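Naming follows writing order (A, B, C and D), and every chain is counted from residue 1.
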């Protein structure tokens, strides 16, 4: 291997490099601009994300392995990277006001968001286990810090500690899995592992199975599948609301990207087995997530459990495999991002100023006090519940259709039943909003600083409806981008 | 003027957008014009589409709006189809919808501006979804409409959200409907799996080839579809939501819970007739459930005092009738009754609304009486409606459609004399309780309290005009389906039968031959008895209230049972809702989450700490327990994979 | 050589058990250092002097010193005796942890277990070119991208330390009007 | 030559002890130490495989795992410091603000 690198090498990781580089720039600016408003840094971050998105779009349709095949820019990674950029952009938009309300003028926040996003992008484009691991760690460590960002708040501390300890614990399992896979195949590159598994002798090797098991445990924790999910509600509840929005969408999508790559590119030969494991996990995850969400009084916590069950829906697609289903994963990742972040944006906006509103009872009569916000929340809830003409429905439809197409009727039935159950708790907030007399008051002050929040809400709303009514474009792109993953080319 | 079908649902949607977004700026006058206006236009277009459809080859026109989903083998265009079934439906939906919109202008006129535009926005939105449901060419589009109407129904039942009962009723409706939706979704998935398409036309056409007649699969699919239909059309066991749905404003009850939405289940069954005829078991279930619901709801209706509740149970009962018809393979008769029922039931609801409006939202018939002289138009039109539903022979719409159903349940190859008997008894009960309402409300002595009596007045023209139009339709609407035995003599053919010639799939069986005299005999028998019941109810409840009370006393246990609706709501509460609630709460929440997962509670206090072994678990630390979960899960996965 | 491995291994296991069983965090940390040093010894036996060196320098030297520093800074008391925490979820967890150990040992000694194909970095090759030199060469050619990207991780850690651990004034005084 | 399977057995034991420690201990710092133990078990496995297969990949991975462990230590101890300041304890059983 020659130390000289070609243009392709650099092209393949250009968006990631841009994100990381600009993260450092944001840090520098923050250093020299002490005490001044960080709003400009937020806008700089948005600009960066836009530029990275532009680069990604430019790279569409390419197939650029770089650095000895350890990273790749293909349509799969780009599709996911676009999702991450949307996640990050929405998070930045909803964070500005949130941080200012709490007097946290720290530009590091945006730098960390950028680093976390870069980590996710590395995970999506990494093509060996080391790159994926490093991306995951950048993401995880940034997330731990973001969870604990409200340094004075015990809940935030506690959230960070729980996330950190359990996250590191799960990382141990993940690493052990990588180690065993390496031991069995002598390589950490996904393509080489695939080649090694083509040999039936390797296929019998218990290292492979144990390694697969360890990997599944590690990823299941990161994606919060039952029974590895228990940290989720605590961490999500305690973290700053804007960070919760980020955590419940971005990292999960990134882990699914990495998981799909690992399972379909490297470990495709073991599919029959992990399919069975995931079948059980998916059924458990959907059911437990939904049942527990039913009993929550705190909306953040309810959304945490709901995010567990949504991970279950996506997992169903992994069980099915196949182009259709994997396209469903990408489609759902974006759909879930939009509807979930939108809901969080409404939470943050209505909590702006004097009082925090995170309990159901805080939203009594909200639909009449704030018709526009109430309607937006209603649409987000409908989408999460999977009512037609919203992104949530299109995503679920795509997934369940693929699952049925592959013959997993019972899994589909469990999924449908769950999505029926989920209506109850998503509906609960609309019941409170529209059918209980107002006890609270409308958002008393509307400081000019809320504009980014409104942009986030309107943007997610438009996205949810657009994906619901015209799912064709994004679906087309998703389908296109997974074709090569399936064939392993 | 060629690609205009999409406008039919789009116009109400436009109305929704205008009323919802712009209206607050322009005030009530704007809403009064836009709300009904868009529906009127939509009605005009529907007529045009209907006429065009009649001329078109195959009596069906399809127009593609755009492609919604296109992915690997599944191509879901947004396409609208007007054929003989949906053509009739859109006429009913937009026509009756238009009249009810006009009526609402008067009925809701007293509400404040804010509530007013909200009401029309919801109502327009409802029509949009209903039209989507009817016009859609595939299951998917139908499902969009199906969910949409459920949503609007929910919003409109809970319209008076400050009333607790309204909010509860709304929730109940939504929840019960979801149970039905589950069946519908699973059926759709199964159909897609077996047919690879969700287009109605294709599924119906290929059904005999793909699914074995009478096989388990087709029975499962149709039963699941029927489960969906029972949810939407309020049949046993999912009927409980409809009577409670009367908490909504009366025009809503008329439009959604009598004329249109509740017939969506029937539409689904009729639309999928090709599948249903392949499953004799399902057909039998449909017929029996329909007959049972018809009978059961009618008995409850006899003992209710709330005028709207009587009408609600009557609706459930009539819907049961229609399902009975479909169950014996008489799809046409069912759809015929859907149409006539839409006319007279909307009329009855609007009439009751007019009364309620005049009585300042009093709905208890025990506090009415003798209203005919105060509000003649309302009174006479209501009586016409009652005559129609009671089936007064030869000149009301209800007679023809009801008689068709009864005859088919007797004579059709899938029919049975027992079904006929249940249907006939139900018809008699219907005649009885409808005239009970007429007598209690419009005749006899006035039991209205003084204050209200001073303000009694006939409703404004916006309300009486729709009443009059519907009254006319309740009479002439049936003439398109005059049975052969009657029409033959005077040289009138059965226009409806001709219209639906060859549209519905037929139950594969030998057609039993029945004498025309049998039909005439049965017809005459039920008609005479029905007339008798009407007269009896009229006499009993307008002149001899005292005797009615005595009768009631004599039958008090039965009366109580009926008044309390067989305690079905209580039964549901105890058998279904409470157990589910407590299982989930006690078992899953307490056991799994409090004890195992989240076993530590310092807040419980020191006292509890030393109580018993089970609570010792409470001392455990959270993170560790979470880690335990991970370790256990890990070990199990390893065990599965490696060993 | 095998003997020294067993001795080191026994010491490592003993150290590890002490970490779990000692009540005082300081003792735990010191036991952990001992375990790390034993592992470094085993790395030497496995011809990975480079790893052994960084194990001592970074793990035993830097990371554990940080641990001890924090423990001292917080002036932590000893935990309650462990026997107070034997509750059935924990027992269950321990049981399954032991099960995991046996599952792992089971596969390591399974006759079907075999390692991947041998590479070119044989002991002779390493001795000939110099072990550290080879490591350096590989690191800065094949692994240069992860090497660069991991610097971001360190950056994140530094930023995190500042954000999380820096003493701040109560939030209200920093609020911009 | 030391048999690879023996080294791996040691690695399995250390890993299991780490897992048990995480489950058993209540002091956040000690829990974290047990996690470090798990990571070391992984490293040991990597080195064993690397020497057994005459491969460099394992050594590289150990290098990166070490850096990650260092970064985690920095962040983890900062979190522990922050929570100790606010609550005065490191007993994870007392961190119970966030619960059902």
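Odds and ends about this structure:
By our rule, a residue touches a chain if its C-beta (ideal position, glycine included) is under 8 Å from a C-beta of that chain, and two chains touch if they have at least 3 such contacts.
None of these values were measured; they are calculated from a predicted model.
In summary, the chains found to touch both subunit A and subunit C are B, D. Seen from the C-alpha centroid of subunit B, the farthest chain centroid is that of C. Subunit A and subunit D have centres, each the mean of its CA atoms, that are 26 Å apart. For the pair subunit B and subunit C, the distance between mean C-alpha positions equals 67 Å. If each chain is reduced to the centroid of its CA atoms, subunit C and subunit D end up 5 Å from each other.
Subunit D has its Cα centroid 62 Å from the Cα centroid of subunit B. In subunit C, the positions touching at least two other chains are 85, 90, 93, 97, 100, 103-104, 106-107, 113, 115-119, 142-143, 146, 150, 153, 156-157, 160, 163-164. Across the assembly, subunit B contributes 589, 593, 597, 619-620, 622-625, 627-628, 631-632, 634, 638, 642 as residues in contact with two or more other chains.
Looking at subunit D, residues 8, 15, 18-19, 22-26, 31-32, 48-49, 52-53, 55, 57, 60, 64, 68, 71-72, 75, 79-80, 82, 91-92, 95, 99-100 sit in touch with two or more other chains. Taken as a graph of touching chains, this assembly is fully connected, with contact between every pair of chains. Considering their complex, residues 19, 22-26, 31, 91-96, 99-100 of subunit D touch subunit B. Here subunit B touches subunit C in the complex through residues 596, 599, 616-617, 619-620, 624-625, 627-628, 631-632, 634-635, 638-639, 642-643, going by the rule given at the top. Note for the complex: subunit D touches subunit A at residues 8, 15, 18-19, 22, 28, 31-32, 35, 38-39, 41-42, 45-46, 48-49, 52-53, 55, 57-58, 60-61, 64-65, 68, 71-72, 75-76, 79-80, 82-83, 86-87, 92, 95, 97-100.
The touching residues of subunit A, counted against subunit C in their complex, run 1-3, 13, 16, 20, 23-24, 27, 37, 66-68, 70-71, 100, 102-106, 108, 111-112, 115, 118-119, 122, 130-131, 134-135, 137-138, 141-142, 144-145, 148-149, 151-152, 160, 182-187, 196, 201-202, 204-207, 209-210. Considering their complex, residues 161-162, 165-166, 169-170, 173, 206, 209-210, 212-214, 216-217, 220-221, 227-228, 230-231, 234, 273, 276-277, 291-292, 294-295, 323-324, 327, 382, 387-389, 394, 397-398, 400-401, 404-405, 407, 409, 412-413, 416-417, 420, 423-424, 427, 431, 434-437, 469-472, 475-476, 479 of subunit A touch subunit B.
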